[in-house]
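Here it is, the structure, as structure tokens.
Which chain is which? They are A, B, C, D, E and F, in the order written, and residues in each are numbered from 1.
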């Protein structure tokens, strides 16, 4: 579940291009290039941390001399005020990277925290929580990672890795059964077939077609319960289209296998954090700094 | 305020790579390649639309034969159930592009709607609403566009286009005054200087240093009011750090010039939309379709 | 099963960068810029065509005035000497694009032809032919497309879209059963679980663990036959590791569901083709050509 | 002849994007993140190795903690069963990188081996073996490198670095002589001029035009022999269009200078290899691993 | 000698990213979106035009509705005040694209003009003028194109397409002769060998080694003359290292074959141009414009 | 003012792709792979150095074993013949990277030197020197960096970070006053408004509109002087459109605040430098070199 640097670097580079662009005009103007500092990133509210590696790479792409040390690991809980990570190095680079690093950390931790919140809510039931494809364009792999960090499960990653036959597909294919037959004929044998179900009649039709997974679209809990009884283990059942809230518990109680929630990724509040500069070493002589850096880089 | 295609195409290509990847396995398997359809995108709730051009490019990057026609323009209000745009073309391409197009449209319209909501709330006051740098990594230029569409104003776009001296900068520079002098000496003459202010003492210090803009960090409305009186037009004043909510009105009442809200972009709910397939022409002969397409492309 | 232009353009751009680079020194030097020509691409041997759209885009990325017209569609058979496509436009652009267009067309048609050859060989049996991940780096989506064009099926597209537990995984997980349990716990519910099987004992173990698909690694046909009997429909069975050759028929005869062949993509000979210049219009006046082009492009 | 990391990284990144994508679902699910392992890559058949640096970069782009150690260098012969390289590090990363690393190593070693095979075949003659532009789109610089590793020579790298006047050019230029004059007038003075020759008459024409290199297209060995005698050192002579096989010896015997073979790169079988996990250290504690990595990276 | 759109688009996109970035704040604020205008680009001084296609693409990447019409073609002379091209379309897009389009046009025309100046200077002599590798990073193919437009010739395009053995190579190889032998053994047979020559002794050494081209490094004209006599047609001779100025005539008079000048590309003044807005149609209704555009794009 | 590696690497990669491409054919052929060397880069004329980090990254992207050590820092003066930097490592890599490294160093140092020249010229006056947007496409951030290194100031970086209302804008907006009002209404409050001024009447109009900065376009010094008196501190005044030369002193004497010079970046001669190979260690055994490298890289 570790992310590889080659995956993270691309997305961080874009974020830096966007925010830092041709340079941090404020920091470059007012902070001495020779100043070194240590800083802490602390949480302004309680939550689950996700994205330490992303923040680390953001700082280090600006200046390789920065030492970023996570204090809590991804998946762990921080309390309000607790330190999330420490950052040491050239003061300019720390301030320049602050916003990009925090934007990632806060966004991903927000998702992990929200996911954790809902998994806790239904932990006494069998149902597993999954995400959807309602993710932020360009950040899907990170957001799906954060969902896993928060204790959730990933639904399909895109249109390429699973089959989900929806209402529009059924209409265009000329019926549910025909759609399933066509899918079975054409897809890789490693994939299951999931079908969107809107009423009881379709449940029977889907079971007859030996569909692997039923996605119950926006059904009330008591109807879900009936479907669970009718299906009786002959297919996996997923509930979709529900609003994020306490109502999820009622859905979980029905005995359903999966609940997929778009809100995990499409409307999450960031987990608030701040970066605070601690100790400063303003007197460090420019030349020596440069020398140190040079030697270090050549050690690579 | 029009976005250029070369800017949009990059971000849409990444979103398609991410979602469609090597292909839409469901649609390719169950929908006939020869089927043509018309579809409508309609709003599931009331709001301000933003992102029509992005959705259009998303569909057309998948298949140039798609005709995407906005029914409402960016910045206009849609009511629940109203049609936002129509899409005509190969049925496969319409279904393949649906999610990426909606993810952009819903996200940007969500931001425009939220911005509109708050600008309406304070419309009887002088204060203008601005965004911040708390945007989604990779989507800043689109999100800032959506804020403008919703009636808000853009704060700086990044670290490169404006000077904002914050607490950490002041400490590292060795004092507010010194930081302002250093900035004035080094920045382009086209830029104003903004300074984060945490108390009354700093207000005086900033005015003495001829700071152009004071950013009052998380101050209560009555203290803001005092600052407004003291400053008396000698600087622009911005209130920052406030939670999204009715409290904004109290802030606006103080006579402040700008209110910047991170929540416009960092925790917006999407404006719900759906794509519905309308008329289908399943009988269109494959060969003719191909021919038509060929001729069309060669007309370019 | 249509490829989108945005997918093809990237890979063609790289191929053009590589081959044409800063320009076709020969053609630019010896062929008049004003000459227009028509050309035919014809097959030097019998086979199945794949990649017409790729060739078309290759020519048109060099010069938008080129009209590329497929004479046979992807998936159709050409005989030796038959015309595959015609190309009309500026003679310089036709010659400059020739090699890149042919490299794609020949390579993809080679794969489609080979796939077709083997699907024909086993057409009286139940077994379906699939590809593997032994594809050419950078061309996987095109090569998997060509396999489908040739009548084959795609196995998983990468490590991200299906679960295949191999010998090394089993050893690292601490046993087949444990590996399957771990997989079931962690993967999206849309995926099936496939396990590499090396002997009869593992078959029983896998069935007990309710594995969805058994991948029989390099087993002789008579052993495969026994597995088929033992499994008796309780799992899908795939034969892997077999050499491309007549022996495939023996494997197909066992009643197996799938045969995966690395050779479809990792060692295919191109289907030989040639481009022949036909009619030439050397006299076309430079100025008029430029004018025509200008008007056309502005019509876009 | 060393490849620079900046060249290799691009092509490997694409291959990883394609194969690993959003993550190795199997390995991430069943292999403990804390497990470390050592593995060997061994040859399943005899051949010449090429691509050690590419394989190394593939593994290290996934996880910088991997130590990849070539056991034989590029250009050396391995026997069946012999170890090609060892890989040590996190077990997850080793399994995730296996296929991409092997796809490159097997493909490039296949080309080096085939090239070596044919250079050995004609080693008692003067003729040198060269490749062509019939390479895999996107991999040309690597494939041409593998040809050199195998003892062959590179023909031109693309349309930009050498002049080769073919039949179509001659026709469009209005004759061989005219084409050569035009080329001489326009090309950089650092380049020689090569012309495709189809019969004895053209040989005389080319010599009269002071062509530097004659490319004899698909000529039978006895005709080549005559050309060699007629030319008598006044130009370099290259034989093209010959099938890969023993017949090459007959061509080499004619006294020709170069034989170019498209088959070196357009239809090579990979040199079969396998990765086998050796020792495993499952007990390594997560935290310590992370710490070690952190220190190491900060040493950069 | 035509540049392909796929080559130009990349370099123009970078220039637009750099200059326009997230948007043209001035134009978007003060120019009505509905205004259409026509504009002319005219020359502020006499010179040779190069880069019309680049300017055209720059404008059209911003807005496809722009019609850019060259009035003079690349390679033609404009007088002071003469119109170079006309631009029609949305006024915003014209102003936004102005600087990027002019930066390319002025820079490339500056190179073409300078090249033309020096080729005119030596037109009564045999010597041809060539460029060097002292080009602006990222713009080499465009700058070499401009040199050709101006009547010059291209030297090698990079380290990959020609052999030039310099002083440092000779020293590292262990002597001129040894270096030439090594080169002959390793390079493609399509390439000539050029060697840097610093004195008469090296001339003899090079001729003995059958070097194809002698590059006389910074030799005075009378010494060049002697070399020309000694060589007597046995090799091509190039003079390098000379300052741009009248002295070139003296070098040309020696009978040398080529003179390479770094100054053609590394220190050229732009050919001054201006864009002037002509007729304005401010009343064009927004909706109609949008409609027109929509139809147009769908015609593609 | 330090540039981050992630910014430099992109632009250097493009330069290497362009110059080295598929490989340095000369060096690879004639210089032993095992040879190590030390080299010095020295200045051929006096000037201010800029770009040491860019040169360093260029060499190290080719081979990580190279140790590049600046002898003078950016911003320092070198005299003719003085050493600018030393380079140690594999001889092949040093020669391959030489031209790209020097092209950057010479170009950026040329800009720094020219900027320094003009800032010295006007150092007894109040006026500051700024650059413009007339930069080389693709190199703006580096060229603006070099201007700062040379003692100049940066004007706006692009169309996105400042407002400059020019003649064409005024005409399209319907007057200077209207343009200023529109700008004030739409731009971020962090930006000042600058307006192009062509005569005395416009000065009054601009002051009445409370414009922040007047850009006097191509005005003679005595008229500038009058404007300075009239404005009397009510706005910042910038002189634009002047030719690079002694005349700048007359402009500076007027009491103006800023002088912007396009010539700082659009027509600068490179500061001539050379790379000279010093000590060579030809005997270093290949295997050991490889081992050393391997260990080093694994230390990362």
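Observations on the model:
One rule holds in what follows: contacts are C-beta pairs under 8 Å (C-beta built on N, C-alpha and C of every residue); 3 or more make two chains touch, one makes a residue touch a chain.
Predicted model only: the values in this text are computed from it and were never measured.
The interface of D-E is repeated, with over half of its contact pairs matching by residue number, by B-F among C-D, B-F or C-E.
Compared on C-beta pairs in contact, E-F and A-D come out with E-F as the pair having more. Although chain B and chain E carry the same sequence, what matters here is overlap: shared residue numbers make up under half of all numbers found at their interface.
Chain geometry summary: the mean Cα position of chain A and that of chain B are 21 Å apart.
Centre to centre, using the average C-alpha position, chain B and chain D are separated by 48 Å. For the pair chain A and chain F, the distance between mean C-alpha positions equals 40 Å. Along chain E, residues 20-23, 28, 64, 96, 140-141, 157, 160-164, 186, 188, 191, 297, 299-300 each make contact with two or more other chains. Residue ranges of chain B in contact with chain C, taken from their complex: 13, 16, 20-23, 28, 33, 61-64, 90, 92-93, 96, 290, 294, 297-300. Partner chain C is touched in their complex by these residues of chain E: 1-6, 60, 64, 67, 69-70, 73, 140-141, 144, 157, 296-297, 299-300.
Residues of chain F touching chain E in their complex: 11-12, 14-15, 18-32, 35, 37, 91, 95-96, 99-100, 103-104, 106-107, 110, 133-141, 158-166, 168-169, 171-174, 178-179, 182-183, 185-188, 191, 266-270, 275-277, 280, 282. Against chain F, in their complex, chain B makes its touches with residues 128, 130, 153-157, 160-164, 186, 188-192, 194, 213, 236, 238, 257-258.
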